[in-house]
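Following this message is one structure expressed as structure tokens.
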Amino acid sequence: MEAATTKCRCGLEAELEKVLAAHEGKKEDLIEVLYWVQKNYGYVPKEVQVVISEKMKVPLSTVYDVITFYHLFSLKPKGKYEISVCNGTACHLRGAPFILKSFEKELGIKPQDTTGDNMFSLGLIRCLGACAVAPNISINSEPHGRMEPELVTKIVKALKEKSKLADCIE
Amino acid sequence: MRCYRAHVLVCAGSACVTLGCHPVKEAILEGIKRHRLEEEIKVVETGCMGFCEQGPLIVVYPEGVMYCRVQAEDAAVIVSEHLLKGRVVERLLYRDTDTNKPIPFMKDQPSLSKQIKVAMRNAGFINPEDIEEYIANEGYFALAKVLSGMSPEAVINEIKDSGLRGRGGAGFLTGSKWEFTNKAQGAQKYVVCNGDEGVPGVFMDRSILEGDPHSVIEAMAIAGYAIGADQGYVYVRAEYPLAVEKLRHAINQAREYGFLGYNILGTGFSFELNIRVGAGAFVCGEETALLASIEGRRGTPKPRPPFPANKGLWGAPTLINNVETLASIPPIILKGSDWYASMGTEKSKGTKVFALTGRIKRPGLIEVPMGMPLREIIYDIGGGVLNNKKLKAVLAGGPVGGFIPADYLDVSMDYESVAELGTLIGSGSLSVIDEDTCVVDLVKFFMEFSCEESCGKCTPCREGLKRMLEILTRVTEGKGQERDIEDLERLSDFIKNTALCGLGQAAPSPVLSMLRYFRPEFEAHIRDKHCPASVCAALLDSPCQSA
Amino acid sequence: MAEVTLTIDGVQVTVPKSTTVLDAAENVGIIIPTLCYDPELSKPGACRMCVVEIPGMRNLPASCVTEAADGMVVYTASPAVIKARKTNLELLLANHPADCLNCHKSGECRLQQYAYNYGVDFGAFAGEKHRYPIEDDNPFLVRDLNKCIMCGKCVQACEEIQANSAISVAYRGFDAKVTPAMDYPLSTTEYSNCVFCGNCVAVCPTGALTEKQMLGKGRRWEVEKVRTTCPYCGVGCTFDLNVMNGKVIGVTSTDGDVNGRALCVKGRFGAGFIHHPDRLKTPLIKENGAFMEATWDEAISLVAEKLVGLKKKYGPDAIGVLSSARCTNEENYLMSKFTRAVIGTNNIDHCARL
Amino acid sequence: MKKIKSVNELVKFKEIVLEKIKERQYGGKTTIVVRMGTCGIAAGARDVMMAMIDEMDKRNISGVIITQAGCAGICDHEPMLEVIKPGNPQVIYGDLDEEKVRRIVVDHVINGQVVEDWVLGQKAS
């Protein structure tokens, strides 16, 4: 199981260089590289876009158009915990809108936003493929099924605790 | 004609034969002989009883008791206990999944008896991280058969004869697609697996990729041999991280064991496979958009022709098949096209995996022969509507499909019959909605989805869906006007007729389906400002109050 | 080459195989309306204006990307086709400012023309419209994305003609828009590599892109277009000088033999010198440290006299000639002949650039 | 593992693998198969797995093979696991949670008593 990705930037530049060197000039690998950046940086920063454009020989405007086309990439930093509420058909029929409302209320943000302390991002996802245990949410790509609006407060609290704990260890 | 006291039916469908029903039959015959029952009991071989997963199967009449997974060693007990003394052998009975009570009679079998697992044969039963378990279940035997004795043309003919059609949605004949790509000119060709299961509410591809990745790898290698490609890509959507992980592992294993790479099984055929992970765009399920995405670009569709079979990935002839389609290939090669074609209907052959979701008691994935009445799927397999509510309709094909209202529940689930109702089998999503679901609200939800996922390239989809969503939103808010019906119809018609890609053309389908089957409910929203299902918040007053 | 014969609106036409229905129709004088189609660019088949009815085909195919086939029957103006085009235009106008009255492209706008042809008016569908800020922070062109119909021709021109890709289509669906990287204006040198060739303006069918210098200088139908050759370099691009009341107000592309519609930033936007007060109109001769106006005869006589003197005194190789890339090939040829045959030296060079 | 270089080798290898699997299942070791598809994990399969391992550690049980499988389509009853004891029918448990799995470890894995209440089905092995 992958722990909550820490989005510390130390050493990332060096790693990015390595990743780019492996894909240098290979335009077709653009999405793969952006995927790596999103995962490790939590978003795709402007300066990284410029480097990618230069190294991969892809026009900067194209890098930007690919980023904005795919839901997975974001231009703004995401929180430490990315909570995505599944809003596929099955989840919708089994109450996903109520789950979303509960999260909006609990976190005080709207979908595609991040809390002020950079702790939580809220998002919508179209089908995790776990429809039989709908409604689903995912926290940092980890799916959780049979969600209920009543569980939301508990989940947010648990994540806050977990984050504190992680900070202590660091 | 001679009368027997009892009949023993031995299922001799291909599955049971594979599982060893013939030794069982011999052993029973021997036991009958030993107990001198030849005059009283007759043993008969039958065709497939449709419960292959539990084979070898034996049914003893007149009671109709069914024994599952019978082995030759069990024959003695069946003869001495059941045939001689009339006592049912409980140990060999099938047990109900809900109650664990043994179910002696075949007619009482609930869900499973109706299912035949082809594409899903291994998923959930073998360890996807262990190639050896796959091999133990005849894995890579189809590839071996193809490479060691079949010409590419013979492989294509086998697939064509099986009648297998693309399970991703369009339902195009898989064999013909292979043939076109085989005949296309090009030094380099590609096989692409479409694992961008973007339709919300279906998850068979995920299940197969996660639970039986080798079946897809094997099928792609077979396809590569058939069309003359030595390279393949599996495109998996990013929302399925586990599937990506399992697939990556499986590809490495397959390489290690020599089922991928140079000179596979010493036959001179080479094939390499790569994974491409999508990045969250429904439209990438469309073939040309998917190829653009593999090439690392924005996933926008291109006009066809040229079809990918002639000009696909980097301009080279490319075969694109979906996960479920591919997973069905190895069994077809091993058991023959006749076996596959014997299931299903005349034009829709074989089995199809459906995802049962929504307001249903037993949601999940089921694989049944095509042509099964929807009623059987919903009630006998799915257990009926949740909380015993009244069934309103079944939504087939997800956000780009349409409704099958309760009145049409006896429709045969095959491509043609479902199309006659104005909807489509699509990738196999069946969402059950009950009396508490408002169709207008649901259709609005679908339109939201389509709007959000529209790539924005062509005018009808980009501008038209937006206006349709605005109208539907207005109607659910009680601000609908009489002309909205006409406008919706006009826009639906326009988008269906002129959008660039299949997804855009299909996007208005739920609206057209709603207007076809639930027009009064829609009109009630506009004229009476009333939501009959009491879902639309703005319209919760009774009709007399809001009038 | 193999040929196919098809029937378009009842007229038989024979064209080479792989000709599109759109081109085949044009062959017999049937003009099908298009927005995203451009013969010089690749065909996205995106605007769906050019749809036609072909019995046997599932939907209304776009004629710009449908190949003519033998025996094909095509209707370019059937009721279904007209209805589709009308709805298409209504949808485009539903997301378009209703300001044709003072739009600079009025009279040269395809959307306007087609709306007139098909009897379409604004407001068929009420709803959200884009509210993008107008970008006019550069001296050359004005981008008003609210008037953009997403035909994509500017993106293609930038990529396929200029090979620059300064702009791209970003975002998706209703929010899709043409933009440089990071949504910055074209003038942001840090993120935009726009060279302001203006080839995007040349292909824009609406008022989304306009030449800044011509704004407010005259309606498009009042302007007289004078075809000429660009004076800036030896390529010899053809363009139209836009003349209003005897004054050049700007440059627009025309179909030149050399350049098609492509121009560079100087050719397209560098016409300001024509009416500039600092422009030299007569030769100047320096007398006592100051330039004095002279006639051409005076000036040429002076130069000839000096050249002859120098040649006599020091020999022809004491003279060197530097010619200009801004001259035409013919002028440069003359210069070369003059240098070698008249002066008698091989000391001739050329700046090869501006 | 060395490469399988011919069709004959593949046929022979299958026999070896089948033998291996048989031996695993009949050779005195208990096998537990946890369904770890996305639906399983969404329904809590990881927690169930962790609880099971924890319980086994606590009770010092060794010689149990824990393996995994994907989604079989009966996602409604996730988390699910299968207990395969040599010589006994395979028991499939469904709708599990941490508490239930701890009891399964004690009752079924250690003491051989099938916890009937949570059994989804049995398969003759």
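In order of appearance the chains are A, B, C and D, and numbering begins at 1 in each one.
We adopt the following convention: contacts are C-beta pairs under 8 Å (C-beta built on N, C-alpha and C of every residue); 3 or more make two chains touch, one makes a residue touch a chain.
These numbers come from a predicted model, not from an experiment.
Undergrad: With respect to inter-chain C-beta contacts, which pair, B-D or B-C, contains the greater number?
TA: B-D
Undergrad: Centre-to-centre on C-alpha atoms, which chain is most distant from chain C?
TA: Relative to chain C, the chain whose C-alpha centre sits farthest away is D.
Undergrad: Distance-wise, how many Å sit between the C-alpha centres of chain C and chain D, to the nearest whole number?
TA: Those two chain centres are 70 Å apart.
Undergrad: Distance-wise, how many Å sit between the C-alpha centres of chain B and chain D, to the nearest whole number?
TA: 26
Undergrad: Between chain B and chain C, what distance separates the C-alpha centroids? Give it in angstrom.
TA: Centre separation, chain B to chain C: 52 Å.
Undergrad: Measuring centre to centre with CA averages, how many angstrom lie between chain A and chain C?
TA: Those two chain centres are 43 Å apart.
Undergrad: Please list all residues of chain A that touch 2 or more other chains.
TA: In chain A, 62, 65, 69, 128-132 touch at least two other chains.
Undergrad: Which residues of chain C are in contact with two or more other chains?
TA: 169, 171-172
Undergrad: Provide the list of chain D residues touching at least two other chains, using ranges where the numbers run on.
TA: Residue numbers touching two or more other chains: 38-39, 41, 75-76.
Undergrad: Between the chains shown, work out who touches whom and classify the graph as line, ring, star, complete or other.
TA: It is other, because the touches fit no line, ring, star or complete pattern.
Undergrad: Give the list of chain B residues in touch with chain D in this complex.
TA: Touch residues, chain B against chain D: 68-69, 91-92, 95-98, 100, 120, 123-130, 132-133, 135-136, 138, 140-141, 144, 147-148, 203-204, 206-208, 210-212, 240, 242-243, 246, 256-259, 265-267, 353, 362-367.
Undergrad: Can you list the chain D residues touching chain B in their complex?
TA: Of all residues in chain D, those touching chain B are 1, 3-7, 9-11, 13-14, 17-18, 20-21, 33, 35-39, 41, 67-77, 89, 92, 94, 116, 119-124.
Undergrad: For the complex, which residues does chain C have touching chain A?
TA: 159, 164-172, 179-183, 191-193
Undergrad: Taking the touch rule as given, give the residues of chain D at its contact with chain A in the complex, in rising order.
TA: Where chain D meets chain A, its residues are 38-39, 41-44, 46, 75-76, 78.
Undergrad: Quick check: in the complex, which residue numbers of chain C touch chain B?
TA: 43-49, 51, 59-60, 62, 65, 67, 80, 83-84, 87-88, 91-92, 94-95, 125-128, 149-150, 152, 169, 171-176
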